[in-house]
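Next, two complexes with chain A in common: one pairs it with chain B, the other with chain C.
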Partner chain A sequence: MNLVLLLSPILIPTVGALVLMMLDAFQKEDGGLAMPTALLHFTAAAMALALWQRGVPADTSALHGFLAIDKTSLFLDATIALGGGIASLLAGGYLAEHKLDRGEYYPLIAFSTAGAMLLVSASDMLMLFLGLETMSLGVYAMTGFRRGSPRSAEASLKYFLLGSFAAALMLFGSALLYAITGHTDYAGIAEVLHAAPAVVANDAAMALQFETRAKISILAMLLIVIAMAFKVGAVPFHMWTPDAYEGAPTSTMAYMSSVVKAAAFGAFARVMLAVYGDAASAGSAAGWPAMLAWVAVATMTVGNLVALTQTSVKRMLAYSSIAHAGYVLLGVIAAPREGTGTTAYASVLFYLLAYTVSNMGAVGALILAGRRGAESVSYDDLAGYARRHPAAGFAMTLFLLSLTGVPPTVGFFAKFYVIRATLDAGYTALALIAVVNSAVSAYYYLGVLVKMYMRDPAPGAAIATPMRSGYVTVAILTAAVFVVWMGVMPERWLDLAREAVSAATAAAPAAATAGGTTAP
Partner chain B sequence: MIITLGHYLALSSVLFTIGAAGFLYRRNALVALMSIELMLNAVNLTLVAANRWLPAVQGDAGTVAPPAPAGHVFAFFVIAVAAAEAAVGLAIVLSFYRLRKTVRTDAADMLRG
Partner chain C sequence: MNSARHLLSVLIWFPALAGILALFLPRQAPKLLRAYGVGAGLFLFGQSLQLLIGATHSVEGRQFRFVENVAWIPSLGIRYHLGVDGISLWLIVLTTFLTPLTMYVSFGAIRNRQKEYIAALLLLESAMIGAFVSLDLFLFYVFWELMLVPMFLIIGVFGGQNRVYAAVKFFLYTFAGSVFMLVAILYMVAKYKALTGSYSFDYQDLMRLGFPVSTERLLFAAFALAFAIKVPMWPVHTWLPDAHTEAPTGGSMILAAIMLKLGTYGFLRFGMGLFPLASHWIGPTIALLSCLGIIFGALAAWRQYDFKKLIAYSSVSHLGFVMLGLVSRTEAGVSGAILQMVNHGISTGALFLLVGVIYDRRHTRDVAEFGGLAKVMPWYATIFVIVTMSSIGLPGTNGFIGEFLVITGSFTSDLLNWSHHCSGVGADRQCVNSQIGPLFALLAVSGVILGAVYMLDVVQKVFFGPSTNPRNAHLQDLNKREWRAVGPLVAMIFAMGLFPMYFRDRVDPTVRAFLSVYNSKREALGMRRGEEVPYLLDAAAIQPPAHDTPPTVGHPTALRTPTTTRGANTLVALGD
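On to the complex of A and B.
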C-alpha cells in the first residue's frame, strides 16, 4: 500500500500544523483557527477509520519496523484525533472568552496530536522517544499559554521539569536495552532478550555476561515503567498532575487529561506487551503485572481519597483523572494473561475512548460555566447553576455520571469491562479494591450535582452564568453523542476494540520478520 | 587494562545517577535543566559505546560488514530533541522568572492541595 496513505492519520495533523502556522502568520486578527484545527483532527480520525475499513496490509516492511500501523494504533489514532478535535473546539470558545486567543495555540495542538499518534504507533524505542517528545513539547507550551499568570507559568515549569526527567529515564532504559540486545525495535529486542542463554552465547552478540544482561534488562524495564507511570500520572509519580492541570488553561487541561493520557497508556501497553510480554516477565508473581498491581491500588486509592477533599472542581477532576489512570492500569495488568488477555487489552482501549469523551465533556461543561474574569472552578461557584441553566447543568450531570460509572452512560461499561477482565485474570482482590474505589468516587462527583441542583449561591457570591459559544456547544454535543452512543451499545464498541487488538496480535510475527534496525 | 563495554556502561550509569541526583536535590530550575542534559549525555554515551561493541554483520558470501549505526543515529536524534527541549524549557523558566523574579523551584508553591 502507498506509504503516504498508510501514514495519513499521522501526516494530516503534521502537515496541517505547518499550514496552520502559515495561516496564523498571514492573518490580520487572531482567532478563527479553531474550526480548521478541529476539522483537521476529525479528518485524521476519518482517515484512520477509512484505513481500518480498507484493511491494513500485513506487509508493512516499508516502515522498517519503526512504526506499527495496525488496528490497535488506528483505534488509538481515532481516539486521539477525536479528543484533539473536541479540545480544539473547546479552545476556540475558551481562549476567545478569556482573551487568550493567540493563533499559535492551534498548531501546537496539531503537533501534539501528531506526536501522540507517533507514540501509539511506535514499535521502536527511537520512535517512542520522538513521539513522546513531540507530544510533550507542544503540551508544555500550551500549559504555560496564559503568559501573564504566575500559576500558569508554575504549572508549565513543574510539568516540563518532571516530564523531561521522565523522558530521560525512558531513554536510559532504551539505551540499556540497545546495549544488551543490539536492537532498538521492540520485536528485535524481545527476540534477543528472551532467547535461551546458549543461543545468545553462540551468537557472541555482546561483550557482556548473560547474568549481567539479565540484570540490566530488569533495570531497563524498571526505568521504562517509572517513566510511563510519570506520563500517565500514576501514584507515586503523580505529584505534577494536579498542579499542572489546575494551572493550565482549562482547554489545555482537557487535552492533557484525555489525549495525552490515552496516548501514554497506548504506548505503555504496547511496549510492555511487545518487549516484556513473555511468560517469565509477565506471568510470574514477581513480574511487572504484580508490581503494577501495587501501583494501580495506590493510584486508585490516593486519587479518590484526595479528590474527596478538594474544593475546586478543576482540581477534583485532576485527582479523578489520577484515579481513572488506576482503573486503566487494571486492564494493562490483565493484558499479558494467556486466553483472557485479548479482552483485557480491548477493555483498555475501550476505557481510553470512554474516558476521553467523558472527561472532555466534563471539562467542556466546566468551561461553559465560566465567563471572562469569572471562571467557575470551585464547587461553591456552581451553586444553583443547574436550576438557573437546565441545559448546561444537564450536560455537566451527564458527563459526571459517566465519570462516576452510572449506567447507561459509557463510564459504567468502561469500568465494568476492566473489572471483569481483572477478575478473569484472577486478580480478585484488585477487582474488589476497584469496586470500593468506584463507590468512593461517587461521593465527590455527586457533590457537584448536589451543589448544582440543591444549593443556592451564598449571598454576595458571584453567580455562574454560562458563556455563549458555538464552539463549546458543538464540542459538548459531540462528546455527549459518544457518551450516550457507546453507553447504549457497549458490546459493539467492545467488539471493535477486540478486533483492534486481535489484529495486532496476529500481525506480530509479520512485524518481527519485517527487519530490525540492524538489517543491512 | 582493556576497556570493555562494561566500563562504558558503568561510567554512563554513574553520570546518569549524578544527573538524576542533581535533578532531585537541587532547587534551582536551571541546575535541574543542566542535570537533565547530563542524564541525556549519559544516554548518548551508552548508545554510542553499545554500537561500537556490536558484532560485525556476516554476509552471505563470507563478507563482513560493519554493524548498522543505529546507536549513533539514535544519539543524534537525542541531541536534536534535547536542543528543542532546552529551547522550550528555557522559555518556560524565563516566563516563570519574569513573573516571580526567581528561578528557584521551591518558589513554585502557588498550586498545592
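On to the complex of A and C.
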C-alpha cells in the first residue's frame, strides 16, 4: 500500500501544522484558525477510519518496524484526532474570549496531535521517544500560552521539567534494553528477552548472563513504567498534574487531560504488552501487573480523595483525571491475561475514547461558563448557573454524570466494561476498590450539580454568564452526541474497540500462549 | 389500541420521551404545561391497565407476561429483556397511578420551574417502571441508577430548607450501596461465562448458577446492601427521614410510595431469587432486623414533632412488615408483603399528600402548632382519619389485609428457624431447629399496636381537643385540586380493603411459583453444599411446577406443596 496513504492520519496534522504556520504568518489579524485546525483533526480522524475500512495491509515492511499502523493505532488515532478537533474548537472560543488568540496556538495543537499519533503507533523505542517529545513540546508551549500570567508560566515550567525528567528516564530504559538485546524495536526486544531459559539451563555461564540480563530488563521496565506513569499522571508521579492543569489555559487543559492522556495510555499499553506481555521472558513479566495494581489503587484513591477537598472545579477535574487514570490502569493490568486479555485491552481503548469525550465536554462546559475577566473556575462561581442557563447547565450535568458513571452515559459503560475486564481477569479486590472509588467520586461531581442547581450566588459575587461562542457550542454538542450515543448504543463502539485489539492479540508472538498460564 | 405487544416498552419510554419533550414546552403557558404533564401521566395509567387483562387464575400467572426480549449489546450478553409477573404487576400500576396524582397535587405548592418538575417526575416514572420490569440484570442496574438523578434534583431543587444536604445524602447512600451490587452482578456473569462459554446478564440464566456457600453469602450481601439501603431497613435507614422531610410533597409521595418498594422488590426478585441458600441462612436475622425496624420505627415516629418525619419513621416501620413477610417465605407472608407494598404506597402517599395540604396553608409541619382542626377543616379531618385507619390497618381498609397476611405468614413459617445445640461437623452436623416465626409475629403485632398509638396520638393532637392557635382558626378546607388528588387514593383504600381477592388473585400464582422455585433451588443447592467452585444447576431445578392449581373456593385443601399448606389455608379462608 502506498506509504503516504498508510501514514495519512499522521501526515495530515503534520503537513497541516506547517500550512497553519504559513497561514498565521501571512494573515494580517489573529484568529480564525480554529476552524481549519478542527477540520484538519476531523479529517485525520476520518482518514483513520477510512484506512480501517479499507483494511490495514499485513505487510507494513515499508515502515521498517518503526511504526505499527494497525487497527489499535488507528482507533487511538481517531480518538486523538477527535479530541484534538474538539480541543481546537474550544480554543477557538476560549482564546478569543480571553484575548489570547494568537495564531501559533493552532500549529502547536496540530504538531502535538501528530506527535500523539506517532506515540500510539510507535513500535520502536526510538519512535516512542520521538512521539513523546513531539507531543510534549507542543503541549509545554500551549501550557505557558497565557504569557502574562505567572501561574501559566509556572505550570509550563513544572510540566516541562518533570516531562523532560520522564523522557530522560524513558530514554535510559530504552538504552538499557538496547544494551542487553541489541534491538530498539519492540518485537526484536521481546524476542531476545524471551530466548527461553531452557536453552541456557545447562550452561552455567549462559545462565549467569541470562540472570544479569533479567535484572537489567527489570530495571529498564521500571524506568519505562515510571516515565509512562509520569505522562499519564499516575500516583506517585502525579504531582505536576494539578498545578499544570490549573495554570494552563482551560482549552489546553482539555487537550492535556484527554488527548495527551489517551496517547500516553495507548503507548503504555502497547509497549508493556509488546515487550513485557509475555510472562516467560527474561525480566518476568509476571511482575508488572502486580506492581501496577498498587499504582492503580493509589492513583484511584489519592485522585478521588484529594478531589473531594477541592474548591476549584478546574483543579477538581485535574484530580478526577488522575482518578480516571487509575481506572484505565485496571484495564492495562488485566490486558496480558490470556483469554480475557483481549477484552481488557479493548476496555482500555473504549475507556480512553469515553473519557476523552466526557472530559472534553466537561471542560468545554466550564469554558462556556466564563466570560472575559470572569472565568468560572471555582464551585462558588457556578452557584445558580443551571437555573439561570438551563441548557448550559444541563450540558455540564450530562458530562459530569458521565464522569461519575451514571447510566445511560458512556462514562457508566466505560467503567462497567473496565471493571468487568478486571473481574474476568480475577482481580476481584481491585474491582471492589474501583467501585468504592467510583462511589466516592460521586460526591465531588455532585458538588458541582448542587452548586449549579441548588445554590444561589453569594451576594456581591460575580454571576457566571455563558460566553457566546459558536465554536464552544459546536464542541460541546459534538462531545454530547458521543456521550449519549456511545452510552445508549455501545455495541457498535465495543465492536470497534474489540476489533482494534483482536488483530494485535492475534499477531502477538506465539510465545504469549506459552507463558500465559503463570501470569498472576 | 393494540399496543400490548410492546406494552412494557411503551410504559418505559413514553414517560421518558414525554419528560424530555416537556423541557421544550413554553414556560409562559403554565396551564398547558400542567395539562400536558398530568395528561401524559393519565394516558400512561390507562395503558398500564392493560396489564391487568388475563392475569387471573391461569397458568400464565406464574410466568412472565408481556415479555420483550431482544439483544441490546449482544457481545456482552446484555439483552433488552422485559416481563411482568404477579410480583411486579401491582407495583407498576401503583407507579402509573400515583405519578399523575403526585404531579397534579404538587402544582399547588410548586409554582416555579414546573416544567423541570414535570420532566423530572416523568423521567423518574420511566426509570422506576424500567426497574420493575427488567429481567436482565444489567438493564435493571441501569434503571436502578437512573432513578437517582431525577429524585436528587426533585429533592435538591424543590425541597425545603435543608434540601441540599438531604439530596446529597440520598444520592450518596444509594449510589454507594448499589456499586457493590454491580460488582456482584459482574462476578456472577464472569462465572457464568466460565461455565457456559457465553456471557449472559439474563435473570433466568443467572438463576442457574450455584456458588460455594461463602461466595454465595458475599454475593447476597452485595445485593442485600443495595436493597436494604433503599428499603430502608434498620439500621441503614438514616437517609430516609432527611430525604422525606426536605423533599417537596410530591417527592415524598413518590419516594415513600414507590421508590422504597424497589428495595423490597429487588430483595424478593433478586436477593432471594438468586441466592436462596444465603437468604435462608440470613433469613431469621433479617426477620429480627425487620421487627426491630417495626418497633423502633414506630417508637421513633411516636416521638416526632415534625409531621413529615413522623410519616417517614412510620415508613421504616411499615417496610419492616414487608421485609418480614418476604423472609417468612410462606405464600401468605410473601403475598401479604407484596400487597403491603402497594398498601403502603397508597396510604403513605395519601398521608404525605395530606401533610402537604396543611403545610401549604401554614408553612409549618410542627404537630404542636395544630389542634382542633376538625372544627375548622371537617372534610380534611375526615379524610385524614380514613387514611390513618388505613395506615394502622383497620379491617375494611387496605392496610389490614397486608399486615394480617404478613403476621400469619411469619407465624406459620417453617423456614424461620433458630438452629441451636449443634453437634458434629460437616455433613454430619445436627442441630435442633426451633421455629421462631411465632416470636417474630408477636413482635410484629406489638408494632401494629404501636402504630395505632402514634397515629391516633397525632390525630388526637391535631384534629381534636381545643383549638388554641388563632392562626388555625380560618384555614381553608380541602380545595378542588386536593379533592381530585386525594379522592382516588381514598377510593383505592376501600377498594383494596373490601375486595382484596381481586388484587391477590393476580399475585398468588406468581408467589406460589416463585416459592416453589425458591425451595427447589434451595434444595438443589443444599445437595451440593460442599462444592468448592461455582457450578450450574439443572434447568429443572429452577422450573416452576408445570401445573399451578389455583385455590378453588370451597376446596381449601387443593393440592399444595407441603411448605405452604398452612399459609394457603389461611389465604382461602380470607378469600371467603
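Rule of thumb we're sticking to: the second predicted complex is superposed on the first by the 487 of 520 C-alpha atoms of A that agree within 3 Å, B and C clash if a C-alpha of one lies under 4 Å from a C-alpha of the other, contacts with A are read in each partner's own complex, and residues count from 1 in each chain.
Just so it is clear, contacts are C-beta pairs under 8 Å (C-beta built on N, C-alpha and C of every residue); 3 or more make two chains touch, one makes a residue touch a chain.
Since the model is a prediction, treat every value here as computed from it, not as a measurement.
Look at A:Leu423: by the touch rule set out above, it reaches chain C but stays clear of chain B.
Once the two structures are overlaid, the count of chain A residues touched is higher for B than for its counterpart among chain B and chain C. In the superposed pair of complexes, A:Gln27 makes contact with neither chain B nor chain C. Looking at the shared chain after the overlay, A:Val450 reaches chain C, while chain B stays out of its contact range.
When the shared chain is aligned, chain B comes close enough to touch A:Ser156, but chain C does not.
The residues of chain A lying in touch with chain C in their complex are 387, 390, 401, 406-408, 412, 416-417, 419-420, 423-424, 428, 431-432, 435-436, 438-439, 442-443, 446, 449-450, 453-455, 490-491, 494-495, 498. Contact residues of chain A toward chain B in the complex are 125-126, 129-130, 133, 137, 140-141, 144, 147-151, 153-158, 160-161, 164-165, 167-169, 171-172, 174-176, 178-179, 182-184, 203-208, 212, 216, 242-243, 246-247, 309-310, 312, 315, 517-520. Touching chain A in their complex are the following residues of chain B: 4-6, 9, 12, 16, 19-20, 23, 29, 32-33, 36, 39-40, 42-43, 46-47, 49-51, 53-55, 57, 59, 65, 67-68, 70-71, 73-74, 77-78, 81, 84-85, 88-89, 91-93, 95-96, 98-100, 105, 108, 110-113.
Chain contact summary for the complex, chain C toward chain A: residues 23, 72-76, 113, 116, 141-142, 145-146, 148-149, 152-153, 156-157, 163-164, 167-168, 171-172, 175-176, 179-180, 182-183, 186-187, 189-190, 193.
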